[in-house]
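Right, I'll just put the structure down here and ask away after.
As written, the chains take the letters A, B and C, and residue 1 is the first residue of each chain.
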């Protein structure tokens, strides 16, 4: 039986209404925070909790909050990043659909801690129906005195607005999101200045993921210290994982960080194992941008240690033999899937989503897409593989925003681990159109180190 | 003031100076350091908000500052990164920078039509210079180049979208120098383009300045179209009493004999206009009587007219063909 | 296209959510509203109208409308199937579903059926990876798609349109 902190009540009928949510103990954290804590105390609890940003980057939330500039007479904003668009990720959607008041309550607590009197939820345009769910929850909270002027008689004012995007992955990047919220094209800003100093409308702003903001609720309720006891090491608390691909039970799971990858994938409590008894070929454990792991590096790290669902364990081995927890978009591939096709598919996605501002991303993603299409369609050349490697290397780290990295990493990891499959597409173009390569043959062997 | 070291050369610059501007300041004091200044295809000091996009000016910060000496983890855009006291920067000395820049040049040229033989910008094109200095000699791109539908933006300015590198300078110019911007960037990613969307002309007193700020041949002067190669013209400084309060009437006339083929703003050694000029000066004053000639224009980099090639004896023959050698003045320092 | 009174009130409500002078922030939501009111796409007149409502220039609207994939700058069917083709949907058979939709509707991507009712386009990840393959239709997702489900959706909407 695992601990759940966010979705523990999500199954209760009517939990999307204020009445039931409140009856089930909801808005206790808001009351506690506003009535008995100072903003700094809340920030301190979040720091103690060890909560790391759940959107993908994993930056400590409490630290992000403490960076917020607080000049006199200038409004501050909290912006909730609900622009969930990383392929493989659909957890925020689940949370907002099932238990919208948790997000509203998290926003109240967080806004109070940050001294923000206006918060915006920027939600991806395609989640149109969730806008109504959230607006209903906000209206209910307001009718019950948890939003608006002088909340619970504490003198704290807060309005929450839901802003709908219109189809642009890039708006998940926090400064692109702010541009979009200002009614502009979603072009990421050049940093510095960072949003904590100059964000929305030039004012200090914190942008946090839905799940991070929701996590403020249990943290306030149970204290940061208690929250930090859940999980493993620096990966504290619980995490929502979106599971998809060739598994028996795709869906959203709340796990305690530290669970083994094998248990998550194979046990009936979570993914329920591989569908149709197929063999596992590979897994993208943290959303499309993180490095793909071949089956032989998924359950065990290169050192032979059990691979765990934590920030540290998933990245163990660096990009050579590890990956990242990212946004928790866990995509599983069985033996019938083609790595070249999947890499082409992701690259097409990133080309489509590039804002076009900076040259390496605008031009490089399209070039990689064309090369990968050619390889996938039996028209590739052996030197295309090295060329792809070189292109991704010249995009990575050289762009305005992390989309360049996000586009590069999947290509790099696919070539790193599945080079033989790419080469086979070149040497067996006809066969590659008809059948799949199957599992990789060069199973990872840990390098033996000579005695010192 | 902040002390900054770029490629081993130390200089003190005012707080808030960017790395690129610090490098330019160094070069202004020590002309021999001009070659050390990172190239800038999108940054334009006179346009607020410009820069950061093309990534050609990436440099390596090997020491953040005296206070925090840690190196910066990634290459940074020198045009948008402020110096800190004690900062150490590598540009030409950093193999990583040179490699990344070569990559950026390749990206910029990937879909560029390379139609220099019929491009009016040829000879004063920043992309040509960049390609010459940092590019590779062959292309690795084997796909059809991207092309855009032709859009007519009026009788004065020619838009060649296929040549555009999306520096955004013309958009900033329209926003900041002219009244009523009607063009912008439409679409997204590798389909993004300069356009008015509704195919209208860009028409206002200062619209011609988009030609001068364009680093490539995407925006050229229709009144000069195919009149001459730039290197066959002779540039003169000239001025007139311009009635437009925002224009000082100080220009460069690009002449062939007594004919004024083209009028542009005066550009400094970084290729930036010294002051923006109005359309009347640029497009409508094409007879010598309109202008008071000041003398030959010294042309700095970004034009084949400067170059330094003219110093060699073997070039003398070429020189004798022309009547005026504005370039001689400029070449002396080489 | 001009907004009716209810829609104008909604525009006002939207614009009030931002600080004074920041009404441009309402651009995306107002464009959504305009697109629905204008038969599922944005023509130049509609965009110019939105610009005038928000006191911004026309080009500011064109720049934004052409950036976001949900704004249709060409006419589409009354019912637009936006079918996800990204990674997780791809491994669950998105290609077959797209081929089936193409066959079923008898139009190519971007075309509209003769009765003006249907068109489809391939889109990138919509955040329903665990329920693949899927498509978006208006404000809602249709998930775990099969050919039979596509048939049912088409029939349902034909009926809705009174055909």
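Convention: a residue touches a chain if its C-beta (ideal position, glycine included) is under 8 Å from a C-beta of that chain, and two chains touch if they have at least 3 such contacts.
Treat the numbers as computed from the prediction; the structure is a model and nothing was measured.
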Hypothetical removal of chain A, resulting connected chain groups: one piece
Reported most central chain by Cα centroids is A
Where chain A and chain B are represented by their mean Cα positions, the distance between them in whole Å: 41
Whole-Å distance, chain A centre to chain C centre, using C-alpha means? 25
Within chain C, the set of residues that touch 2 or more other chains is 60, 63, 67, 69
Among the residues of chain A, which are close enough to touch at least two other chains? 168, 185, 352-353, 355
Residues in chain B with touches to at least two other chains are numbered 185, 187-188
Considering the complex alone, what residue numbers of chain A touch chain C? 75, 84-90, 93, 124-129, 159, 161, 163-169, 180-186, 201, 242-246, 250-252, 284, 288, 329, 331, 333, 337, 341-342, 345-346, 348-349, 352-353, 355
Can you tell me which positions in chain C touch chain A when the two form their complex? 17, 19, 22, 24-29, 31-32, 54, 56, 60, 63-64, 67-71, 85-88, 90-92, 123-132, 136, 138-141
Residues of chain B touching chain A in their complex? 51-56, 58, 74-75, 77, 80, 82, 99-100, 103-104, 106-108, 110-111, 140-141, 143, 146, 165-166, 168, 185, 187-192
Show me the residue ranges of chain A that touch chain B in the complex, using the header's touch definition. 168, 185, 190, 192, 351-360, 362-367, 370, 387, 394, 397-400
What residues on chain B touch chain C, complex-wise? 180-188, 195-198
